[in-house]
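Heads up, the next two complexes both have chain A, just with different partners, chain B and then chain C.
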Partner chain A sequence: MRKKPVSAVSKVGRFSFPRKAFAFPYMLFLLVFIIVPLVMVLINAFIDDATGRLTLRNFVTFFSDSTGLRVLGNSLVIGLLTTGICLLLGYPAAYLLSRHHASNRILVLLFILPMWVNFLIRTLSTKAIFLALGVELGMGTVIFGMVYNYLPFMILPLHTTLSDIDHAYTEAASDLGADGVQTFLRTTLPLSVPGIVSGITMVFIPTISTFAISELLSNRQIFLFGDSIQTKFSQGLYGVGSVMSLVMLAFVLLSSAVLNRLNRDDPKGGSLL
Partner chain B sequence: MKPSKLFGNLYLAVILTLLYLPIAVIVVYSFSGNSNFSFSQGFTLEAYRSIFTSKQTPQLLAALKNTLIIAAVSSVFATALGTFSAVGIHALSRRAKNAVMGVNQLPLINSEIVMAVSLMIFFVNASFIPEGMTRLILSHISFCTPYVVLSVMPKLVQMDPNLYEAAADLGANRFRTMSDVILPCIFPGVVSGFVMAFTISLDDFIITQINKGETGIETLSTYIYEDARLKSLQPFWFAVFSIIFVVVLAVLLLINLRRTKPISSPAIH
Partner chain C sequence: MAGDEKIIELKNICKTYDLHEAVTNLSLSIRKGEFVTLLGPSGCGKTTTLRMIAGFEKPSSGTILFNGKDITQIPAHQRNINTVFQKYALFPHLNVFGNIAFGLRFKTVPDGEPYEENGEMYQNVRKLTKVEIAEKVERALKMVDLEGYGHRHVNTLSGGQQQRVAIARALVNEPDVLLLDEPLGALDLKMRKDMQLELMSMHKKLGITFIYVTHDQEEALTMSDTIVIMRDGVIQQIGSPKKIYDEPANAFVADFIGESNIFSGIMREDFKVEFIDTLFTCVDKGFKKDELIDVIVRPEDIRVTEANSENAQIKAEVLSSVFKGTYYQTTVLTVDGEERNELLVHDNVECREGSVIGLYIEPYDLHIMRKSRLINTLETVMWDEGVVEICGGRFPCTSLLPSGTPVKVEIDFDDVRLFDDEEDGIIGGEVVDSIYKGSYYQCIVRADDRYQFFIDTEDDWLIGDRVGISVDPDKLIVTPLEEASANA
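The block that comes next holds the complex of A and B.
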C-alpha cells in the first residue's frame, strides 16, 4: 500500500490537523455512550443493590432462582424453534429468489419490506386476528408471531450469500456428473453456510431478547428473557438485571465470534473479538 | 413453465402471503369502523375520522410529534457525526480502524434490551443529563450513528486517494477538502445513511420505552404499547396502522425504485 503523505499535506491548511482527527469526536462518543454503559452493567452485576458493596450475590441469586432459569430455558426453546422454522421456511425462499429472474429486485424487496414495519404493529395485528378467529393465545401463537416477525431477517442474509455464489461451482458440479440433489448438497449448501449462520444469529438473538412480543401474544403467560431483564430493571433490581444482561451479552458475543470466524475472508467486516 | 418452476413460484407466493396477510387484514378492516372484524356497519371511513376526533387524539398527535422530532434531530446529528467520523476512521491505522469499527458494530449486533438497560444505568449515574427528550435523542444518536458510518465507509473506500492530495496541493484545508471534494464523492452513502438512521429511529421501541423515564414522553411505538397492551385494539389503531403501513411501503418502494436506474418495467411480475 502507498503511504499517504500526511505530514506534507498538513502543512498546507491553516487549520491543519491529521485527517484522522475527524474520528476523535465519535471515538469519544462511542466511549461515553457505548463502552461506559456496558462497563457500568458489568460493574452493577457485582454490586449489591441494597448496600452498594461488592458482592457475588447477584450471580448466586440468578443462577439459583428456578423461575429465572425457567424463563431462560423457555426463551432458548422458543428461540430454537423460531430459528429452526425460519430456516426451514426461509432457505427455500431465499434459494428460489436467488435464481429468480423476473424483476428480481422488487420481488426481493417485497420479502424484506415487512422488516421495516414496526414489530409492535405487526404483533398487535396478528394478535387481533388470532383473537377474532378465537385462537387461544399461548406457545403456538408466540412462535407464530416470532416467525412472522423475524422471517425477513433470515431471508435477507441467506439471499445475499446465495446470490453471491459463483454459478461456475454448480456448473462444474453438474459437469462432473452430480445430479441436482448432489450439486445442492455438495456445493450450494456448504457455500451458503455463512448466510445460514448469519440468519440464525439475526433471528435467534432478537427472539430470546426481545420484549413485548411474547407478552402480547400469550396474554402475559409466557415471558422471555428480554421481558424478565426489563422487569428486573423496572423493579429496581439492577444487580440481578445486570447479571442477566451479561448472560444475554455472552450469547451475543458468542454468536458474533462464530460469525466473524466464518467471515474471516470478508474484507468489510470489522472484527469484534 | 416447468412444473418445478411453477411449484417454486407457488412457494414464494405462499411465504409472501404469510408475511403480508396480517397487515392486509388490518388494512381491509380499517374501513369497517369497528374492531371486531366484520363489515356490519358496511364500508366506512369512521376509523380514519376517529384519528382526529377521538378522546385520545391529543395524545396520539403528541406521540407522533415526539417521534418525528426525535427521529429528525437524532438522524441529522447521527449523519453529521457519522460522516465526519467515517472520513477520520478511514484515515486511521489498520489496527485503530479495526478497533473503532468493532465498537461501532456493537450496537448493531448487541441485543437491543442490553443496549437499552446499559443506557438506563448510564443515565442513572449521569443524572445531570436532563430526563426526557435529551436522553432519548442521545440514545437514538448512539444507535443510529453506526449505520451512517457503515453506509459511508464503502464510498470512502471507492474514492481515489489522490483526490485528497490534489485538493491539498491546490491549497484546500481539511474542511475545504471535506466540503468540496470528499462530501460530493461520498454523498450517496451519506444520504442512505441518513435515511437508515431516520427509519431506525422512527421504528425504535425497546430503547425508547426503557429510557423515556417518568416525564410522560411517549413516541408512537411506546404509546401503541401502553394503549393496546391490555385492551383490544381500538378501531382508530386499525386506521393508524394502515396509514403507517402504506407510508412505509410506498417510501421504501420509491427509494428502491429510484435507485434502480432504468425503470424499464414498472410491473411487479
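The block that comes next holds the complex of A and C.
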C-alpha cells in the first residue's frame, strides 16, 4: 500500500501550535514589567511633576545640581573600585579552582555558599559584625560589602573560562620555552579575556546601580546613585528620578557596549594588556 | 645521515598513573639525526613515552639522557626539544606570525665576545631583536610554503595549513630533536601522503632528529629509519622498517606490521618444522626436539602452483580471490590434515573459487620464533580447600590443600573461558591482543593485577574490551610450591 505522507503531516499540523508560542508568557512578562516601565520612565522624564505638562526642566534640575552629579561620580568610583578588587581577588581564586580538580566542587560550593543567604540579611550581619568589632562605618565598609556581595559573580565566569582552556596550549607554551610566569602571561591570561570581560560586566553594571548596601554599611553617610534615585521617587519627584534613571541606563548601555567591543576585538590579536 | 652519536637515551623508564602502568621498564637510545617512529596500537604507551621526552610528564622511575646529560628533572621549557602536537595546539589568540614567533621571544643569543672574569668564562646574552624574529618567521613560513600567511588568523586556515604552521612553530626554534605526536591523524588520506613526503624531505634537509608517534604501520614503514614497536607499555622490537617487516620478533609484531599468516608449529629437528599438519624444510636450527614454536609466513611468500604439481607442499581449496591492483589476494582452506587451516596468499595468479590448488613456501620464507609462553603459570595460595585464589578471584578447583598453602597453578591456553559480560567470569580483564592463527585466535587478556592470560579461542575478541575470565575446576592444575620446587 502506498504511504500518504501529506495527510499525516497535515494531521499533526492541526493539533500542534507554533513552537514560538512557548515564548509568549515571557514576552508578555517582558512587555508588562520591562518595556512599559521603561516607556513610563521615558515619559515621566519629560513631564513636569507639578503641572503635568511637557518640559525639559527635569534635565536642567538634575544637570545643574552639583550634589546629584557628585553622587553619580561617587557611584562610578565605588563601582570601579569594587570591580577592580573583585578581579584581583577573583582571578587567582578562579585560577586555583580550575587547577585543582579533586577538591574543585567543594571549593566552588564554598564560593557560592554566601549567595544562598538573603542579601539583606547578609548585609545586615556584616554591619553587625563591623559594629561589634568597632569598625567605623564609611567608604571602606561600603566597598567591603560590595566586594563581598559581588565576588561570586566575578569568580564564576572566570572559573568557567579558565577551566575550558585546553591544557595543550600551556603545554605548547612551555614546549616553546616559556616558563611558568611567561606561559601564564602569554597564553592563559589572554585566553581568559572573555571570562574577565563577562566578570567585569556582571560586577560593574550592578554595582553602579546598587542601593541599600551603601545605605546600610555607611549609616547613610555615603549616598550612591541608586540610593538617590530611590529617594527621589519616595519623595514623589518622579520627573527628576526618571531623568536619573535614564542617566543610569545610559551608563549601563555604554559600559556594556565598551565591554562587548573588548571581547569581540580580542581574538583578532589585541588583549587587555 | 644518522651518526653513531646518541642524542637521547631512555634508561629503564617506568610510568605509572594511579594503578595503571603506562610504560614498563623501557630502554631506548636514539641516534643523532635519526627518524625514529614509536609505533603501536592506541594505549600502548607511545604517546606517554613522547611526553616524557618532551618533559610534560616525569617518569615514575628511570632516567632520560640528552646528549649524555641527565634531563629527567629538567622542565619542558628548558629542553631544546620542540613538539608538533596532535591537534596542533595553535594559540587561538595569536595570528600565524604570533604563533611562530612565540618561542623566539624567549630565546637568547650570545652577545659580544665571551670574556674571562675571576678565572671563569662568561658570555653576555641578549634577546632576539624584532627584525631578527621577523626574518626567522619569514624563513620558517617559506619552508612550509605559507609565505604571506603571517597576518592570517589561525582559525581561518585549513587543517593542512594549520599543520604546517605547527611544524614551522616548532622548527623555527632550531631544536635538536623534533617530536611529532600523530601529526597527520587529522588530515585526509591525500593530504597525509603529501605531508609524509614533505616531513621526510624536511628531515633530510635539516638533519635534526625526528621522533614520530603513530599507530599507522604504513606511515611508519614509509618514513622511518628506525621503528620502535610497542604494546601495552613494553617495547616489542626495535629495527629498520625492512628488518621489522622481514624478521618480526614475535607474533604480535608480525600481526601488527603488514599482513601475515601465523601458526603454531613444532620443531621436529634442525631445519624441519611441522605446522598445519605438514612437514616443511626451514633454515632454523638450535631448538629443542619437538619444541612448540610460532611460524610466520607473509602472504606474498606463499607461491601458488597446480594441485598435483610435485612442488606443492600443501593442497588447499580456494575460498575467495580478489584482484588488488598488483596481485590477487586469495584466501584458501587447507584440504588435508585433521584440522583445516586458513591461509592468506598474495600472488599474481588468479584462482577460481572452489578449485583446489597447490601451495609451496621457500625454506627462508618461514619465520620461526620461540613462543613467549606455553602454558599460563601463576604462583599463588589456596583460599580454602577446593578453592584457589587467582588474581584476586576465588576459583573452585579439585585440589584439597589447606587454606594458605603456596601453590603453582597452571592453565592451558584453551582451558581459559572468556565471557562477554565481565560479571559472568570469576575475575575481569581487558583484552590486549588477539591474533589469528589459521584455525583459532590466540588472545591475551590482562587481569586487573596485570597478570596476562594467554587464551586460545574460537572467537576474535575485541582489543580493549572488558571480559570475564573463568576456568573449569578440573582444568586447574594445582601443585603445592614446595613439591614443585623439589621436583625441579
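One rule holds in what follows: the second predicted complex is superposed on the first by the 230 of 273 C-alpha atoms of A that agree within 3 Å, B and C clash if a C-alpha of one lies under 4 Å from a C-alpha of the other, contacts with A are read in each partner's own complex, and residues count from 1 in each chain.
Throughout what follows, a contact is a pair of C-beta atoms (placed from the backbone, for glycine too) under 8 Å apart; a residue touches a chain by one contact, two chains touch by 3 or more.
These figures come from a predicted structure and were not determined experimentally.
K.L.:
Tell me the contact category for A:L254 with respect to chain B and chain C: first, second, both or neither.
P.N.:
In the superposed model, A:L254 contacts neither chain B nor chain C.
K.L.:
Is A:V60 touching the first partner chain B, the second partner chain C, both, or neither of them?
P.N.:
So A:V60 meets neither chain B nor chain C here.
K.L.:
Touch check for A:L88: first (chain B), second (chain C), both, or neither?
P.N.:
Neither partner.
K.L.:
Check whether A:L28 is in contact with chain B, with chain C, with both or with neither, and answer first, second, both or neither.
P.N.:
neither
K.L.:
Which partner chains sit in contact with A:L124 here, chain B, chain C, both or neither? Use first/second/both/neither.
P.N.:
In the superposition, A:L124 touches chain B alone.
K.L.:
More chain A residues touched by chain B or by chain C?
P.N.:
Of chain B and chain C, the partner in contact with more residues of chain A is B.
K.L.:
A:A173 contacts which: chain B (first), chain C (second), both, neither?
P.N.:
Touch status of A:A173: second partner only.
K.L.:
Just chain B (first), just chain C (second), both, or neither: which does A:L38 touch?
P.N.:
first
K.L.:
Determine, under the contact definition given at the top, whether A:S242 touches first (chain B), second (chain C), both, or neither.
P.N.:
In the superposition, A:S242 contacts chain B only.
K.L.:
Hey, what residues of chain A end up touching chain B and chain C alike?
P.N.:
In chain A, positions 268, 271 sit in both the chain B and chain C interfaces.
K.L.:
Which part of chain B faces chain A closely enough to touch in the complex?
P.N.:
8-9, 11-12, 15-16, 18-20, 22-23, 25-26, 35-37, 81-82, 84-85, 87-89, 91-92, 96-98, 100-107, 109-122, 124-125, 138-139, 141-142, 145, 149, 153-154, 161, 164-165, 168-169, 171-176, 178, 199, 203, 205-206, 210, 220-221, 224-225, 228-229, 232-233, 237, 241, 244-245, 248-249, 252-253, 256-257, 260, 265, 267-269
K.L.:
Residues of chain A touching chain B in their complex?
P.N.:
2, 4-6, 8-9, 12-27, 29-30, 33-38, 40-41, 44, 89, 92-93, 96-97, 100, 102-103, 105-107, 109-111, 113-114, 116-122, 124-129, 131-132, 148, 151-152, 201, 205-206, 208-212, 215-216, 226, 229-230, 233, 238, 241-242, 245, 248-249, 251-252, 255-256, 268, 270-272
K.L.:
Can you tell me which positions in chain C touch chain A when the two form their complex?
P.N.:
Listed in rising order, the residues are 54-56, 75-78, 81-83, 85, 87, 89-95, 98, 102-103, 106-107, 153, 155, 169-170, 173.
K.L.:
In their shared complex, at which residues does chain A touch chain C?
P.N.:
166, 168-169, 171-179, 182-183, 186-187, 190-191, 193, 266-269, 271
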